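The same subunit A turns up in both complexes below, where it pairs with subunit B and then with subunit C.
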Partner chain A sequence: MTASVLAAGVVEETIRAFFQGLPIGAGFALVAMSFVLTYKTSGVFNLAFGAQAFISAATYFELHVRRDWPIWSAVLVAVVLVAPVLGLLLERLIFRHVHAASAVSKLVISLGLLVALPELFKLIVDYNREQPFGAVGIIPDGTTVYRLFGRYPVTRDEIAAFVIVVAAALALAALFRYTRLGLRIRAVVQSPRMTELNGVNADWVSSGSWMLSSLFAGLAGVLLVPTTPSLGTVLEPTGYFPIVISALAAAALGRLVSLPAAMFGGLALGVVTTQMRTHVPRDNVILAELQGPALPYVMLFAIIVFWPAIRRQVAGADPLLGVSPPPPALAATSRSRGMTIYTRIMALAFFTAVGIWTFGYANDFWISRITHSVIFSIIFLSIVVFTGLGGQIALCQVTFAAIGAFGAMQFAQRWDISVIVGMLAGAAIAAAVGAVLSIPVMRLGGIWLAIATLAFALFFHDVLVKYSWVGGSLFHGRGVPRPEFLGVDFSSRENFLILSIAILVLVGVLIILIRESSTGMALRALRGSETAAESIGVISWRSRVIVFSVSAAIAAIGGGLLAMEERLVGYEANFDPQTGLFWLVIVVVLGARTVEGGIQAGVAFVIFPELVLHRWFGLDGAWRFVLFGFAAISFARHPEGLLEHGKRRSQALMQRAFARRAPAMAAAGAGGAAETGEEP
Partner chain B sequence: MAARIWKLALILAAVALVASACGNAGNDDEGGAPAPTAAPAPEEAPDDEPAPAPEEADDEPAPAPEETDDEPAPAPEEADDEPAPEPEAEPEPEEPKEPEHRHTFVPISGVPGVNDDEIKVSSIVTISNNMLGTNIAAYNDGIEAYFNFINDTGGIYGRELVLANKRDDQLFQNLAQSLAMVEEDDSLAAFVATLLFFGADTLNDAGVPTFGWNIHNEFADRWNIVGNIAPSCIGCIHQLFPWVAHQVGATKVGIFGYGNSENSKVCAEGTRDSIEHYSAEAGGMTVEFFDTSIEFGLSGGVAPQVSEMKDKGVDFIFTCLDLNGMRTIAQEMVKQDYRDQVTMYHPNTYNHEFVAANADLFEGDLVFVQFVPFEAEIDSELQRRFFEYTEGIKLEEQTIVGWLNAHLFYDGLLAAGPEFDRASLMEAVRSFEDYSHDGLTNPIDWNRQIPLPNDNIDADYEYRCVNGVQIVNGAFVQWTGEPGKPWTCWEVVREDWHEPESLSFVN
Partner chain C sequence: MSLLAADGITKRFAGITALDDVHIAVDEGERVGLIGPNGAGKTTLFNCLLGLLRPDAGSVSFDGQSITRLPIYRRARLGIGRTFQRVELFSGSSVRDHLLFAHRIRSGTGALWKDLLGLGLPKPAEIERCDTLLESLGLGGMGDEPIEALSLGQSRLVEVARALMTQPRVVLLDEPSSGLDRAETTALADTLARIQTEQGFGLLLVEHDVELVATFTERTYVLNFGKLITHGPTSEVMRDDEVRAAYLGDFVAGTS
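Up next is the complex of A and B:
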């Protein structure tokens, strides 16, 4: 009797959790399907999807809540008008021109847009002018409750979201399967030129595809608001990001191309989440994590790494995709000796002037800013190692930096051991974590590697940080002292800046040595073709593990220094995974292949918004996200970075000038010689 | 192989040598790690701070210069040329009862933010990227309202109080904004109402008197930083929790806290421990549900948790959540037809606009605050002035926090005397031993209550007091205390179960 009652209770709880999970799953499904739609119709792994969704939802909020527009007109403008127009603009102004670019280039561009679009929107509409409560849904009286089978409660908002998901899945499946438009869309994604040979205007089809996918992003944006508490509280772009990444698990189930798989995957994700919350005991520290936000990230990581279809997709991609021509030589390697001397003298003069000003005249604020820029340069050099040398994109450098910061904190606070030792221990731990992480993702590469590392970063952020043996809390700074090292007290700002510069120089030299070593050559070979590289004896797994570990250790050293400089671990301010996306964008925009590129990115990250934007132009610091975000568009044309590109151009111009001048000088020399009777 | 082993041994030896040469810099500059029991004496202030005020400042609240102590010295001649305020010329409002040296003008140089006409201060407030959605900028309104009150009655020391620079820390720029404020060095004091307070050490170490909205541990152990309340023990056992639930006849309790906020988690654990500790005295009350696995924002909802509480018959819910988290839980309870059976305890929902907009969700719930709520009228001049000078302003919790901070700042200035500077201002503030903001807060001994009082009763309040209001038809109604005595208090030294007293702290 007791057993049967218990069993009945469990069955009842399971059914109830199923119906509670469906609305959450509908949200995931909607995002996953929209994501798949974008990928199917444009070939772009569009991480800016969350930004598009935010813009529609924020427009609706602005019109309906703040300006009292009726629901229907606000929806018309926000979803039916703004969203497709945004899609059209993205296609016409950006993605049309990078159709032939690599998937990684498109990913970087979408990351730039993810950073830039919401900030631009907020600046244009003065969105932050006040922070009222409660974004609302688009369904009138959406909180009205109905009872399924007279028992299981569900709101009108949730029913609407579910119905729209199913209807959208059917409609889109029909579009792609049974209509000529669907066929043309698929054809244009595969080959626009071939499609045009058949008399199809590929440009218009591509524009239509972007408008359609953007419409869905906008629809997802407004529909998610009432069913996602965090969005209903404060409507910010950051609220969409974790949902999009979680929904990627569902999209990945269908290899980004199957709409039904995305729909069922999304629904399943919601249901599994609520089943875990219902049946897993809350008092078990480890198991309780599976009730929180960890589950989608674990599933995403597992799907990417273990799902056979993903591995087949990676292995079965365009065979030429894995054979990239080697990147062009750095400008510095091909310039003349005179030019090199001139450049070095100028650099020396510049750094001397900055040094005199910093240590002679700058106040605490500027010394702190310069120290920050040196430290961020070190962190960004980790991206130079991974992306510049390794040719891959990882989105978890911010996590490795946090590990270094927490290492310094834990050693100093818990055991009263030097923060320098703590920072080095943090670097060692980060290197070990990087090595372990590199093993399952080794064969992924490209966008899947980026997403797997992002899933890891989010898992660290949502699960691990709160443990006392890691960080303890997101929202409170934990004290970190400055070090004493070899008898020198680095507690003053000036001394700590000197220490930071010394470490930057060491890290820079290390990277140059790696670049010129056999490992660096192996990495360059692997960038071109992994198969070819292995055929000549390059051990790919070793190179990958090394690049993961070294890059993680460098980021951790930077993170440790940042904690010492700020004398606390400001995790939420410095090490949020979304912050890490901007780090990547700014480094690849300015130049991920060189040490000076990383340093310039560090300076630009810290000094540019304060000095140029704020003090010179009186602009909001948010403009840096807009400027560098849109600058990421240049990555497709100049993967070497804007600064390296600029150097190469100026070098070419000077060489041309010299070339023109040389014959003239030669002629002048000959004439002069004739006049003076000397030999030319 | 042997060569490799030797190389490895050499590297390890080098690492060991470097490690042995490493240490951490001295405490002068490492304000980050709070020392829970060590109250920093004035002598321990950083070397570069201005020298502490003379010793007699400890014993008397107004260490004014001698020439002003004995008689209301006329302002120096040079002050005659100044646009000296003439309070007597203005019939309204009435001048507050203050020491006569309040209007003594003494020229001061070298004190940041102070000139012959004005005493300027800055604020750092989280305005943009505020993840709570509340109007924290109302903090500035409270400061300006108080400054208007003081300026209307003649200012202080022949000068006007001015909130000259309002900074938005955009949530993540608190440290940078604090550094910028220190760099510009044009403010006597800082007023801080932020969601993160990573700039605390920067302000403290620079000797900037800092007044703020105390929701952070950073308000402890820092001589130059004071809040609207003193550092408090979040996780301590407290009679309040079982008492409140017992008052409404509850017997089965559910508790929520955010897992990714240590304060929230510790608060939830303290609530659970309190109820379990006093369970017998509180009618056998039990904790039936406890969850600190949820994350800020509750993006996945709380449907399974609410179902579980409903199954277990929970009739009272304590939380350590923000007001949006409360709404999410309440909405889910309404959806599951369970809301009417439960009373909720709100620690952060004293927001009139929010409660009015969610009247049906929160009917009958209890909200607790650490100041006298607007609904409780007491015989306090400061409260009357607050309502007078905030008329027409939308009142928020942060409005009165700004007002209270500004009042403490003003009282500190008054006690520091006409030749004040940053150090003497903080010395004066720290000399206040029974400071209740004219009855609007639980009295604080600012000289004693510096560290967190978790294991140190000497650093705690004399009484643990709260003010409770009930939500009725979308408005607040005083729930604790009695007319004129709104505070409900327990003696801190008594850990046994005892009924609270209703008290008033009006001077």
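Up next is the complex of A and C:
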């Protein structure tokens, strides 16, 4: 008797969770279908959908809540007008022009947009993040509760979300089946080249699908606010990350190319989410996490690693992958001896001047800024190692930096061990975590690797940091002392700056040694041609795992130093995943292939907002996100980075100028071959 | 026992039998040809030997050891070198770098700690070895050239040089004549023959160009529709009616 009552209770809970899961899954499904639409039609894996969803939602609340527009007109503007126009602009102004670029460079562009778009929106609209909006849906009295079959409670918002998504999916199906645009989209997906030869303008099809996918993203952005805890009472773009991750998981179920799989995958993941919340016991810490914030990341990671369709897709060639242009040789390798000497003298003079000013005249504020620049240069060198040498994109360097910072903190707080030892232990832990994390996903490479590392960064941020053995406890705080090391006290600003510079130089030299030695050779071979590299015996996944671990350790050392400089782990200010996206963007924009590129990015990251934006132009520091975010577009054309590109151009110009004046000199300076080989 | 041997290789793609019970063997120091018209299964067999494809049945062995389940890089490290039909070079690297990379991988000196201590930098002796090989292939003085600056014929020679730097015991050449004219093909064949005689590795030439196979190889296998139709000394194979039929069509073979 009691057993049957209990069973009836379980059944009822299961059904209730099912009905609660559908509207959540509906939101995942909308975003997942957006991913699939743009990936299929333009080969862009658009992570910026999170930003697009945010912009529609923020527009809606700006209009409806703050300016008291009626619901229908606010929805009309925010979803039906703003979202498709934004999609059209992105396609017309950006993605159309990078059609032939590789999938990874398109991914970098979308990351730049993910950083830039919300900040641009906030600057233009004067969006006030302190204003608590409250979770307001687009349905009047959305919180009204109905009871399905007399017992299962659902709110009006939830019903609306589900109905709208089903209607959108049906409309999409009808569009594909019955309209000319739908037929053309299907044709373009099959073969863009052949479709164009048949007289269809593939560009228009691409615009259409971008508008459509942007509309879906905007709709999801508005619909999901009432049902998503991470959007809470303050609407921020980061609140959409868990949704984007779940949607990615749903899209991955259909290998990013199947719309029906994306939709049903989204609904299924929504139901799985609520079933886990209902049935998984809470008495175990790990199981309790799985009901809450950890779930989307675990689902995504599991799908990427275990879903057989993805392995098959990676094994077969990706038809949408453009031919990535060969990375040109570095400018430094082709310049003449005179140019090299000139460059070195100028660099020496510059650093001497900066050094004299810093240690002789600079005030505390500028010494601290310069120390920050040096430390961020170290952190950014980790991106130089993995992206510049390894040729892959990882989005969790910020997590490794945080591990280094927390390592220094934990060792100092718990066991009173030197922070330097703690930082190095953090680096070792980061390297080990990097290896464990990358072994299952490194074979997949490309965008899958980027997505998996993003999922890990968000998992760390939403789950792991809260544990006291990682992020420390409220009671102890997150204080970190400056080190005392080899009998030298590094607690003064100047001494700590010297220590940071010494570590930067050491890391830079080690990276150059790696680049020029066996490990670097294997990586350069892999970048040039993976099949050819394997044919001479390069073990591709092993080389990449090694370089990923090295990069993780470097990031952790930088993170540890940053904590010592600030005398505490400023996790929220320095190490959240959104910041990590910006790190990657600024490094690849300025030049990820050289040590100098990483250092220039470090200096730009710290000094640029302070000096150029704020003091010279009187602008808000947030403009840096906008400027560098949009500059990521240049990555498709200049994957070597803007600074390296500029160097090469000015070098070519100077050599041409010299050639005109003295042909003999030009012969000596034409290339490295002439310089080393021909002369007796 | 042969150096590189494939026994009873069968491979099916979605119901189509691309290879049906194929046997092939290459010994150290000999030059063997593998010919067949388009779609005969040459490339499929090549990929099974190298580990790009796993056969549905049959086994591949090298020096008496089964390598059927080994990944590509393990086979390369055992001593199987190859070139590509569509040239696969390391874009962004110089000619000498290609040889240096191959030498480093083969000699297995690449440990991270050595690199970090500065022991992994290229040594003068290694660079000299690379330049000696380039010299003997007629690419002397081109070590510093970027790989993009080379002609197709030169690129193929760099591929051969790269394969040779791994000290292979057998080299598989995938249609080395494609894209080259008659004079370039002859020059390539002459260089290959000379190097092969000097170093004594086994050579398997997968070719389209029957004339090159006829002049260059000692033994030849002929594939058609996934089946081995004949094999033997090249001069005999070239006179075989069935081979002529496969290449020239039944009508011509019947009237001749």
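Please note the rule applied: the second predicted complex is superposed on the first by the 626 of 680 C-alpha atoms of A that agree within 3 Å, B and C clash if a C-alpha of one lies under 4 Å from a C-alpha of the other, contacts with A are read in each partner's own complex, and residues count from 1 in each chain.
Methods note: a residue touches a chain if its C-beta (ideal position, glycine included) is under 8 Å from a C-beta of that chain, and two chains touch if they have at least 3 such contacts.
Computed from a prediction, not measured in an experiment: that's the story for all the values here.
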| item | value |
| --- | --- |
| Side-by-side fit of subunit B and subunit C on subunit A, or clash | fit |
| Partner, of subunit C and subunit B, that touches more residues belonging to subunit A | B |
| Touching partner for A:A17 - first (subunit B), second (subunit C), both, neither | first |
| Which of subunit B and subunit C A:D68 touches, first, second, both or neither | neither |
| Partner chain(s) touched by A:D126 [first = subunit B, second = subunit C, both, neither] | neither |
| Subunit A-centred angle between subunit C and subunit B, computed on Cα centres after superposition, in steps of 10 ° | 150 |
| Which superposed partner A:V419 touches (first subunit B, second subunit C, both, neither) | first |
| Subunit B versus subunit C as contact partner of A:F365, first or second or both or neither | first |
| Partner chain in contact with A:E236 - subunit B first, subunit C second, else both or neither | first |
| Smallest distance from any CA atom of subunit C to any CA atom of subunit B, in Å, after fitting | 10 |
| Overlap of subunit C and subunit B interfaces on subunit A (superposed complexes) | none |
| Touching residues (chain side subunit B, partner subunit A) in the complex | 15, 18-19, 21-26, 28-34, 127-135, 170-176, 179-180, 182-183, 195-198, 200-201, 206, 216-218, 259-263, 265, 290-291, 293-301, 303-305, 307-308, 324-325, 327-328, 331, 334-337, 353-354, 357 |
| Footprint of subunit C on subunit A - complex, ascending | 326-329, 510, 513-514, 516-522, 524-525, 527-529, 531-540, 546, 550, 671-673, 676-677 |
| Interfacial residue positions of subunit C with respect to subunit A in the complex | 50, 52, 71-74, 76-77, 81-82, 84, 88-94, 97, 100-102, 104-106, 109-112, 114-122, 141, 144-146, 148, 159, 162-163, 165-166 |
| Residue numbers on subunit A that touch subunit B, as the complex places them | 13, 16-17, 20, 23-24, 128, 130-134, 143, 145, 153, 155, 227-234, 236, 239, 242-243, 273-274, 277-278, 282-283, 288-289, 291-293, 363-366, 368-369, 412-413, 416, 418-421, 424, 462, 465-466, 472-487, 489-492, 566-568, 570, 572-574, 610, 621 |
